[in-house]
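All chains are identified by letter, namely A, B, C and D, in their written order; residue positions are counted from 1 within each chain.
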Amino acid sequence: MKDIREDIAWAKINTDVLKSLENPRKLYWVILFIAVAVFGVGVGCEVYQYNMGLGVGNFDNPHMWGLYIATFIFWIGMSHSGTLLSAILHIMHADWRKPIYRFAEAMTTFSLMTAGLFVAVHLGRIWQIYFALPYPNMRQVWPNFQSPLLWDAMAIFTYLSSSILFLYVGMIPDLAICRDNMHSGWRKKLYAVLSLGWEGTDRQWRNFRMTYLTIACFLIPLAVSVHSIVSTDFAASQQPGWHITSFPPYFVAGALYSGCAAIITLFIILRYVFKFEEYMTKSILKKVARLTFAIAMVWTYLKWVEFAQAWFGHNAHDQHLLIEKATGTYAPFWWMMNFCASVVPFMLVFKRFQTNIPVLFAVSLLLNLGMWLERFMIVAPTFADGFYPWTWDHNQWPSLVQWGIVFGSFGWFAILFMLFCKIFPSVSMYEVKEMVYHRSLETKKLQALQAAGELAAAGKGAH
Amino acid sequence: MSKRHLLALFTNFDEAEKVVTELRNLGINGFNAEKDMIVKSPIEHPEVEEFLGNRPVRVQWFTLFGAVVMGFLMFWLTSAAQGNFFAQMKGGKPIVPFPPNFVLTYELFILGGVYITVLGFLICAGLPARRSPLYSAKVSEDQIGILVQSEESASVTLKSIFTRHQALEIQEEAGK
Amino acid sequence: MMNSEFDRRDFLKVLGWGGTAVALTGCGNGMVESGKETVVSYVETKDYMIPSVSVYFNSTCAQCDAGCSITGRIREGRVLKLEGNPESAINRGKTCGLGQAGVQNHYNPDRVRAPLLRTGNTGEAITWEKAYALIDEKLKGVSGNEVAFLTGGMSGHTKVLMGNYMDSLGSKNHFVYEAIGPAVVRAANKKSYGVEMPRFNIGKARVVLSFGADFLGAWVSPVNFSQQYAQFRKGSGGHQRGVLIQVESKMTITGANADRWLAVRPGTEGILALGIINALGAHGVSIPGDIAAAVKTYDKDRVSNDTGVSAEQIDKIAAILKERTPSLVLAGSAAEGYAHGSQNAAAINLLNHVLGNVGKTIEAAAIVPFPQMAPLTGNTAALKALNDGLAAGKYKVLFSYGSNPVFTSPAAMKYKDNMAKADFKVVFAQYLDETALQADLVLPLDSALEDWGTQVPEYMAGNAQINIRQPLMEKLHADTRGMGDILLTLIKQRRAAEYKPFDDYYGYLRAAVLQNKAALGGANQPDNDIFWNETLSKGIIKFEGAKHASLSVKSGAAGLTLPAPSAADAEYPLQLIPHVNANLRDGRNTNQPWLQESPDPLTTIVWDSWIEIHPKKAAELGIVEGDIVEVTSKSGSLKVQAYIFPGIHPDAVSIPLGRGHEAMGRYAKGYGVNPFQILDMIYDKETGELALHETRVKISRTGNRVIVVKDEGPVGGNQEGQKIVPEMLTNKVNLSKEI
Amino acid sequence: MSITTLFENYSEFRHRHPDGDVPHNPYKWAMAIDLDACSGCNACAVACYAENNLPVVGREKFANGQVMHWMRIERYWDHDGSEFPERGARYLPMLCQQCEAAPCETVCPVGATNHTPDGLNSQIYNRCIGSRYCSSNCPYKVRYFNWWDYPSTDNVWPAEMNMQLNPDVTVRGKGVMEKCTFCIQRIRGAESDAKTQGRLVRDDGELQTACQQACPTSAISFGNLVDPESRVHKQWMAQQVELNKHEQAKDEEPGGSDLRGYRVYEWLAPYPSIMYLERVRETEI
């Protein structure tokens, strides 16, 4: 299998990646325009909802939460893969992460920013959102620190700002490259400022390494805590279908899972659009696909644990809810979720699919559809079939306004991501160089060994 | 006494290593290898640093400080906020409950750690930095640069070492 | 709270003369004495209007005719809430949902605000002077026989004035109409007990056997009965908790609270009653000869066969009636609504005779010692008489007040068309309802919360009492008038001299009360003003130790003939039961949104009509909940959503009354259907009352389906095995120990 | 300042509410609803609309499940497979249970719902940002959210109708959660009157909730649970229902208790302040 050439000229790496920053094609503007339009739909829906009240979303009692919370979890989940690739694999010295972690980390940041929108959109009185912040005030009125939603806010804030810092710190050497290669215009100024005068001195690199490692170490428990805290929104309540012990690991696994699937999607898009075949090689894709499958199985296992707990837990409410999910109004979604998220990943077992780009693209989209449905299946059925039979309600479906905002969030994410790709290098240049350098060293050693072996063999043969 | 800056660029990392080793070992008069030599590299290059000798990293102390202080502050401030004039009474829970406060402490422990680490990085790495006297964009591409600062007298020796080790280019600038 | 020390007289003056705008604008205060208006801010208000302090006044609820006394909470000159007046023997401080919504009748945005004169198809607002002049003019040259006055039930001084006005016109055509009043039961009671409306002592009874009397919902005096019911359930005098058995074809809220609810084949209530008497005889209760003869053929098996109630159940009822005395048997609207309704009611009343309840749980009610004020109760026979007259062109001028016959009469009666035959139609109305829309002149009425009046309740729960109705706030609209004031003005057109002393109805009332001060309990109070204020403050005039009517016990078994249950009708297989909902009654309260949104207690449906179909019948017809079905009778058809309801006999379907307005404002118009429209004109043979339950219908699916708007969830009142509303049996629990 | 407050009252702040060693003093408002007396007539619900400025949402929004009835009458059937519901229907007036350990309180991110010292579960409309977490966590689903801006919605409170609004009760705009308050405006009024007169609120009808006052069968009793003279206290005592328990001693008796008092979802341990008395049916018929 073709991997990155070890003898690739470093200057070529620079030019290849920097090329992706400049001269957007017409298609880029078209797609950006579409993304803006999609986001506009979401904004329009939100303005309407702001003016009219949340009723336009077709919420009711008991359907207090709908697509907003489900999609919020979805986006939060997406964010976890960036951390997985950049932090966990960094610590584990998996060098194949290097060409792809940058965009994954950007994805982390942007999906968190998208998720944050849903926190706001979800509120009945969005204009009072600052009540949830622990800001000092004369009256000493503080938010309720006991609420999992507040933990959520704190965790997401921490995660978002840490991710941005991690992304930024990791990008400084590349920004310096950009600075050195741009000769005029706003970009030059921007890179000059952002690169902070990086010159690649030994002192800078030394501290850089320690810093990067430290943040990576922090990010791992942070990422785990973020999604387990999101899970406490549900697990810390008493409701059937939510009050489940296995939720925190289940959510974390789900997050990594959907994130990996999203990485495959974006990987394929970037590889195609920027012609990064040289760097985003199929060999890496294969590794990501295998990783995705592994996580899919972890997730599937935890999901079965959840079902088993409901089924054997001797809790009539949980049992009823599970039966309702499988046979009630939500059954099509529930089965589709199970199919997309637990059956479809088996495609990734086959070697020929692991590198088959159209198949992987389709699979990754299906996996993410499955994971979105999973979030919807966590949120909605508990409202429809909670404790109290009188208020069970199977006939309330999200309105177009809710769908519009969910739709718009994809536009928002696309805008952010597209701007990022044109302003910042989406492949880490310096780390690709490191990668090929270290690999070439390895190869040299190997060749030296081989040569020695051959000599020895030749010597033997001479006898 | 005026100082002179020299920047030599190498493509071959092995040669650059040799130069560094040589500079450190030779003990050229008017040139202190520990203080006056900076190696610029396009990639993180642990080997180079080894040859440069033991130059300490102190970022981790910032990290420790940030994480511990922020974590402690958060626990303390959360409890204080809960136990203030407008205590929020919650049925079935004390007004200052520990489990939620631990969760928040945990988050702020990380937040503080990350923030102060980055701060520490900027301080330790001397960023943001002005342009150093001599810089080549090649350093950010594929070449390794060795920036030395020396007495006028030593510069000839240094140049010759650089040339011997196949320096691609030697930039020179008079110091102030 | 009733003794607030404010200037009561001042308050009454302002309210009594209907000064303007204090309550509305908050700063204009009419100074009536000087005829000037001055601007007065809330900082310096009248002492009955202290900002943020509530004052309370007593009055009488007008939402139905039960005559509950209410206490209105007034703040800043606005009436905010009505509570029951604890001093009244009728409701003893309690109210029903209907009564609570009285404020919405008052504040309703769709009230008529000025007299309207029809010109072509539009109404033109005119002044009261012009309206009165017009009436005067139209009455000229018209003989008394050509004038008809249709009213709802009336009592008190309005009734007196009404009578005098009819006298002054030389007319005897006063038609008193109630669409859903218990007219047949009144007649049957008169025959059986000698009085139309005795006092029912539910609280004292140990067993209540009710044949379709919805006494917890809409029957006669539900708030009073509900209180008695609570007492009955607790058990009193060392007795066990009372047992309620409800026999009806469609479950009412009373049926929903019964210990045993029996679905009886529609119309066979009387047969069941006779069957129970027969069974009582078999259990050894001595039955008077004539009754025994009448029930001889009603053995268990036959009755069981006719009514659908099992023989075993009949035995159990007989056993419990025999064992636990006193008991009480009630004949309600479900029993009386047939062509043989009078016989049904008579047969049911026989049970009380047999069980010896008359005089124990059925007592004579106290009588107000002013017979001229006694209630004039309405019936549907009166409407039929009026309608016949109108059809024959007998009446040139028609007055219509307190009822909405265009809405509440069967379409087959063609009342709307016949009404048009009168030359000049005056409708006194608070809203432009269906009848008002047919008028030539609409005169806007005060709401009950801004009007003066007296009322004598038909059902007297305790001692005799006259209820006072007084304004709880100033008039909301300057150009509305109270019915008393209008009658007084009209009567002055005829007999000016006689009524000259009375400036207005308030003056008339005050004079009338003071004239009889001694009889009204003011013998020891020399000061008229104080007595008058005290009377108003109490809101009730009580007659301690007033005379009771005497019961005359007649079994009337001899003339009793009950028809066999109606044979199956292939074309119209189902009996239509138009159900009287406790909140909506005959539709006069439908425009009160609280009531529209108050779920029906049985189906929890809101804002719409529905047809109740038994699950078995629905399965047979392939109907599921929400199907729009067409209901066709001989007299018409309508389309309505189906609700599958277990509490109905499979041979019957039921549609609630009250909805289906085509007028009457934003909260009533266009919601639901009006089953009055498709009723057949079948009358009770004895009394000539419209037999509401006698219409037979067929139903068919239209193919459309809607989601029924209701409060219950998709599981339809299933507890899903949870302990939400558990139940105990009486052999386990002893309620008399409880607090 | 808050830090000194914290240290000065530390033990109190660490005290778990409610707890036996620090009883409610002097009030703990509670209710008892006799389901054998309740006829399901809805008078209480309408009275609640009148007292608490509840909006009438209209047909369309009711169909959407956005009704605002703080007190709802639930009608259950015995699903025993018989042809007719011969034992009648079962009615349950369901309102906020004013739980002592309320699931809704802990989860509100801004502390808009709190516990009061007199045992109410209070909702601060001004503070509410509409996250709806409280309702999500309510087992009884008795919290109602303002999905629309009812004050400005057509035909909710049109001119004149708005004059009926109770000035003692906030009219809620869009985006806030609301629920039964036990008629807190009446409670505070009575508490304040009693305080100025140097006494406690009496149990003689001085303080009644709107639903209690209307109830034609007097099925609802409401009062101070810690006042040994109050009817509510006596009823709870007689029924052996203790507030801070998730299972009552009487239920442990073999064959079950012959007392009628129970609380809905007691086992979930929210410690509801409303005790229901089971409905009763005659054995002999």
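Please note the rule applied: a contact is a pair of C-beta atoms (placed from the backbone, for glycine too) under 8 Å apart; a residue touches a chain by one contact, two chains touch by 3 or more.
Please read these numbers as outputs of a predicted model, since none were measured by experiment.
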| item | value |
| --- | --- |
| Between the pairs C-D and B-D, the one where more C-beta pairs touch | C-D |
| Chain with minimal offset from the mean of all protein Cα atoms | D |
| CA centroid of chain C to CA centroid of chain D, Å | 32 |
| Distance from chain D to chain B - Cα centre to Cα centre, in angstrom | 63 |
| Intercentroid distance (Cα basis), chain B paired with chain A, Å | 30 |
| Centre-to-centre distance between chain C and chain A (centres being mean Cα positions), rounded to whole Å | 67 |
| Junction residues of chain A, two or more chains touched | 140-142, 144, 146-147, 150, 388, 390-391, 393 |
| Per-residue overlap in chain D, given as positions that touch at least 2 other chains | 1-2, 67, 72, 74, 76, 106, 111 |
| Junction residues of chain C, two or more chains touched | 707, 712, 717-719, 724 |
| Listing of all chain pairs that touch each other, if any do | A-B, A-C, A-D, B-D, C-D |
| Chain A contact footprint on chain D (complex, rising order) | 1-2, 61, 64-67, 72, 74, 76, 94, 103, 106-111, 127-133, 135-137, 139-141, 143-149, 174-177, 265, 268 |
| Residue ranges of chain A touching chain C (in the complex, touch as defined) | 316, 320, 388-395 |
| Residue ranges of chain D in contact with chain C within the complex | 35-37, 39-43, 45-47, 49-51, 56-59, 62-63, 67, 69, 72-79, 83-92, 155, 158-161, 163-167, 205, 210, 213-219, 231, 234-235, 238, 258-260, 262, 264, 276-285 |
| Chain B residues within the chain A interface of the complex | 13, 38-46, 48-49, 52, 55, 57, 59-60, 63, 67, 77-78, 81-82, 84-86, 88, 90, 93, 97, 100-101, 103-104, 106-108, 110-111, 113-115, 117-118, 120-122, 124-132, 135, 137, 139-142, 145, 147 |
| Chain D-touching residues of chain B, taken from the complex the two chains share | 76, 79-85, 87-96 |
